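Comments concern the structure below.
To keep things simple, chains are lettered A, B, C, D and E as they appear, and every chain counts its residues starting from 1.
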Amino acid sequence: MTLLHERIKEKPLTIVRNESWAKPIYETNGLNLWYGTSHALKNIELAINEREVTAIIGPSGCGKSTFLKTLNRMVETATDVSISGNVTFKGNNILGKAMPVEILRSKVGMVFQKPNPFPKSIYENVAFGPKVHGIRNKAMLDNIVEESLKKAALWDEVKDRLHKSAYGLSGGQQQRLCIARCLAIDPEVILMDEPTSALDPVSTHKIEELIRSIKNDVTIAIVTHNMQQASRISDRTAFFLNGEVIEEDRTTTIFNNPSDKLTDDYINGRFG
Amino acid sequence: MNQLSEQQHMRRTKVRLFTNQFSKVIFMLSAFFGLFVLTVLLVRVVSDGIGSINFSFLTGKLSTQPERAGIMGAILGTFWLMLVVAPVTMFVGVGTAIYLEMYAKKGRLVSFIQTNISNLAGVPSIVYGILGLTVFVRILDLGNVVLAGGLTMSLLILPIVIVASQEAIRSVPNHLGEASYGLGATKWQTIQRVILPSALPGILTGAILSLSRAIGETAPLVVIGIPALLIPFPGSIMDRFTVLPMQIYYWTLDASLVAEYANLAASTIIVLLLTLFILNSTAIFIRNKFG
Amino acid sequence: MNGIAKKENASIREMIDQNQRGNLLRGKIERLIPIFLMLLASLSILTTIGIIWTLFSETFEFFRRVPFVDFFTGTVLKPLSQNPEFGVLPLLMGTVTSSLIAMMVAAPIGLMAAIYLSEYASPKVRKVVKPALELLAGVPTIVYGFFAFTFVTPLLREFIPGLQATNILSPGIVMGIMIIPMIASLSEDAMSSVPRSMREGAYGLGATKLEVTRRVVIPAALSGIVASFVLGISRAIGETMIVTIASGSTKNFTFDITQSMQTMTAYIVEVTGGDAATGSTVYYSLYAVAMTLFVFTLLMNLLARFVSKKFREEY
Amino acid sequence: ACGSDGDEENSSGKNKASAQAGADLEGNVVIDGSGTVYPLMARLAEEYMVNEQENVSVEVSRAGTSAGFKKFLVDNGTDFNDASRQIKDEEASEADSLGIEVKELKVALDGLTFVVNKDNDWATEMTPEQLVSIFLADSTVEKWSDINPDWPDEKINAMGPNENHGTYEFFYESILDKQDMKSTINLQQEYSTLVNLVSEDKNGIAFFGFGYYVNNGDKLQAVAVDFGNGAVEPALDTIAEDGAYADFTRPVFTYLNVNHAKEKPQVKDFAIYVMNNINKFAGETGFAPIPENEAKENISFLEGLK
Amino acid sequence: MTLLHERIKEKPLTIVRNESWAKPIYETNGLNLWYGTSHALKNIELAINEREVTAIIGPSGCGKSTFLKTLNRMVETATDVSISGNVTFKGNNILGKAMPVEILRSKVGMVFQKPNPFPKSIYENVAFGPKVHGIRNKAMLDNIVEESLKKAALWDEVKDRLHKSAYGLSGGQQQRLCIARCLAIDPEVILMDEPTSALDPVSTHKIEELIRSIKNDVTIAIVTHNMQQASRISDRTAFFLNGEVIEEDRTTTIFNNPSDKLTDDYINGRFG
């Protein structure tokens, strides 16, 4: 162990070269967030690597969703939010005025805990993003819808009822539809907030499969309260508690050899 | 977006953002339009009416002579009217709300009563006037006295009080009731000790707001018949009466007879609006403080 | 310590058990409470029956004197003349015209104000603007009437030379202003009850506020918005004092909004004239008109309910 | 048919006593009826309550003469009905059938006044025939120029009080001789509406009681009427009993429910007060006084009631 | 699934006989419950043993809370609920008219997921139950309040502010206050619905301690989504899924050697 550490210290360049695929796409720097006067995120320093799955775990109310929503500035849609610090996306600070949120969000998709399709047809749900961003060509839209549904492994189940209401789908299908809706704008990152917590075992399995199949193209940050899920699908894991990052590391390390007592307590269900 | 070039996307986004900003301004102006009108109305009324407001106007008796006229009779009439309306609507309104929210089994009957109440809320006030005229003034032969007017007004605002009380009761978090039931409290004990105390601010807010509606209401009283000239102060609920809005009505109409009446109408409006303002502020205060 | 506690507790249990046996009577009394409350609740039904019975019985008498068809197709209303005519169409015209004018003011402004409050305004602004709008809604109609008659009409006459001193336009506009808060608040309720998650879905795809509002929130809240419009119309139809003061009492069957017209409500005020005298056909016509008014507003209210129920999205 | 069939004698001291007893009466007196007479009666009621009987409540409403009669001629109806015309036969027989004894009290004289806009500089003088032609259904007059070619070629906007009012009936019966009125005449319930309409309409013309004109002299001008001996402006002296404007002058009344006067001392007391003081207040509210002897006759009738 | 049911039906008798100290205080028999037309509890056959801690686990929406609330008939406060089958408490069927719910509930306390103190003082919260049941004597009430708070390990923290609002307490303290409020009516059973899920590690620990300290006097049924918690504090565990009891057994058996694949999947986080 010590040897290893020393070797790392000596050869940082080599490591970066070795893990050259692990380039951070997001980096936060002294990120603080308040809802009114309640301090929801405290001094977060975290990187999310490109084309990896980063899991975010922690007990209820610790700020997981808040953190995720900061990454596409969705958190600002809540009332009375104040933020300090930096969040860089591909090197640009997204908290400044430089980048309109609409552009950021067209590059960063989001999937929520409860499937939230629009009260429209399946087709219109998937086509919503492209339409908003100015794609009007019918053939092109048809194509995008089909491709996205295929990537989300939903095409076969819905191809015969594209123009029926999305509310006719089962919960698991709706969640995959929401993922397809995201994929339709060809995002570089997808943020997922407990995407399977309301789903049955089979649907959960399908979505985990889906995550595996798209992670070569898309960076994924996923919040989950299911530790086994985190260990199954993620490359790195961050453990949040009371708005702080207690520990962040490779998933295998976090689960087998956490360096913080609290992480250990949480992973072993001593609270939460 | 792979289907659009980065440049195209940027340009389009700029247009979208501009449209967004622009419509925001329009929407904002719309929201403030009402306030603008309110301001104009107030400025207008105050400039017309402030001049004739003084102690003797507020405390004096009604008169055909503008310089002698006072509105104490109308103020007292309004007061007596409320003395009928407030207890009647609170008692019946809160009772009905408790029944509907806490006791009634959700079913045909309840949804019928509920539909009925919301329809009653939409019945024009002048129709209540006709009901009051027919039932209270004529059939029960009360005459056009405070009691008849008060009962008419009570029926008019009852739906509002019921709905507000229902909302207040419904907004008491479920878990409080559960905690009480969980300790073996009976339904009535739970209502009395947990639900009503928590719902009280909401109920009071609704009650005050609907009372101020009753204070400003004119049409039903026009139908019931309020004398144009009534000088003595009312002293009981069986006396004939006039109220502030009726006085405004008559003075507005009679401005062509005596021009100064227009100013008296404006002065009375100031008094009426001030009364309502105080009531509404109280309601909003209660809602913000305890709600 | 423990022993004492045990003993104490045992006695609590016993006492509770004892009290409960004694509470049987209490339980019986409690069973009367819902019955009593139900009686109170049934008062509202009694009110409805009262209204319908009052209006209907006298309306019935009216239609024995004036044929049903004449009433609903007549374009002349001369109730007090030597040769009275009882066509309700002039009143319907006045009512419909003033309500439409009111809605032309209130629907767009109210809806846009609702959009502003629900989607754009910061909580601070909303905290100020909402109660202020409520104040506007709390202004008594007699005050609006005064305002229409002594301010809006003279102001409009600066721009519209042919406008009469009493006309349907000015009270129509002022009624619209009066209804703005109602439409704003009901539409805002409908829009804020669109789940956050739906908005988040759209924001997450890079939509602007306007796009989210237009493509997601308004379609999802449409039933509530339409219902608020219908209720607004119903309110305008039933409004009395503004039109009574500012529109005069000419029973005009015309499309000319610069003219004085009489609404159903103003007719009722005119005929009661401080107190209706029983027996004459004019007296009964009051009830026939009130019945028409009642049915009109009732249909509107039912329509509003139907719309908001039937077309409510299942989120 | 004016119900003066009560017994005329019997002027006992008891009644005198009650009339002079100061503040020992109570109860109320309910008055409804003519809007024209309202200002005068309201004024008297107020003076009575302030100076004579402060425990009596005199309520004055003004539904219009005809509407007022409907409330007067019922069981437990109003005590007085003000009227800007005489009671009609059918109203009198209604009273008979109800057993209501009615006493007509003439209270003042009112000049029917035609008013035009301040900016109207042509129609300031007219003959009765010209005035009538404006309102008559059978006449061809639509524009001012139809009356006088020198006058503007613009449509006349004629208006007046509606059928609720005695003023309408006086105009219809006594001036139009019961010929139909044009259906385009703008008839209003409220006199204030008429005043506003004419004051803001250059082509407007309306008729109503003199009182409403004098109170709005700054907004309106009255048409001087040429009854044959030169144009006469309506004014307090010209509308008096034998004044030059007398052709358009009418008496106004209040009708007393004699049964009520017998049952309720305050009603009788107030009636006597009215007749004693009527001429004091007529002028300031825009009416010409009635001859003193007519007032005296009524007083002695009233005092004789018991 | 059907098989499963049958297997369970056969089992309970054996269990009761084998472990004679474990006398069931609650037994359900063919218990079915519908909210409107949705079938929330399906044919539940379950016993809860006296002076044991029974844990109820299962994914979100499986009917855990519904089942718990059936035991004190609180579930009936919801609208449009229909129930069939039997639930016996100490041998009496509580679903019949025989026992007024008020009496049942004075013997069966309940603690909820979110602490739900009344908007009253700490003292009034604890005294609420005794007062409702007719105890008026001030000295006696004082005594009950003190004893209950002591048992709930809260006395020392609140004794100086008994007459302050309960809302001034922290979440963990509020939850212990709610337990104290229950204890004040000296119940025989306490039903707990995820009592620690909103609490921090220290508070969770305190409440688990508290459960251990009172379980000699009181029977406890606890719903939890934290499987380690279930394994730490319970004697028996029932696994619910979609309104059915999939498996019920000694806690050690359920966690180490479940007989149903679904139980195994759930415990190992393959869904939920």
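For the reader, a short list of remarks on this structure follows.
One rule holds in what follows: a contact is a pair of C-beta atoms (placed from the backbone, for glycine too) under 8 Å apart; a residue touches a chain by one contact, two chains touch by 3 or more.
Owing to the predicted nature of the structure, the values given are computational and were not obtained by experimental measurement.
Contact with both chain D and chain E is made by B, C.
Looking at chain C and chain D, the chains that touch each of them are B. Which two chains touch most often is answered by the contact tally, and the pair is B-C. Chain B and chain C have Cα centroids separated by 13 Å. Here the CA centre of chain C is 48 Å from the CA centre of chain E. Note: centroid distance chain A to chain B, computed from Cα atoms, is 50 Å.
Chain B has residues 16-17, 184, 186, 225, 227-228, 252-253 in contact with two or more other chains. Each of the following residues of chain D touches two or more other chains: 61-62, 190, 193, 196. Annotation for chain A: residues touching 2 or more other chains are 102-103, 106, 133, 185. Inter-chain contacts, as defined above, occur between A-B, A-C, A-E, B-C, B-D, B-E, C-D, C-E. For chain D in complex with chain B, the residues that touch the partner chain are 28, 30, 38-39, 42-43, 45-46, 49-50, 57-62, 190-196, 211-212, 215-216. If you check the complex, the residues on chain D that touch chain C are 32, 61-64, 66-67, 69-71, 74, 162-164, 172, 178, 183, 186-190, 193, 196-197, 199-201. In the complex of the two chains, the chain C residues touching chain D come out as 76, 78-82, 157, 164-166, 248-250, 260, 270, 273-275, 277-280, 283.
Against chain E, the residues of chain A that register as touching in their complex are 59-61, 196-201, 204-205, 226-229, 242, 262, 265-266, 268-272. Residues 122-123, 195-208, 211, 215-216, 219-220, 313-315 of chain C are the ones touching chain A in the complex.
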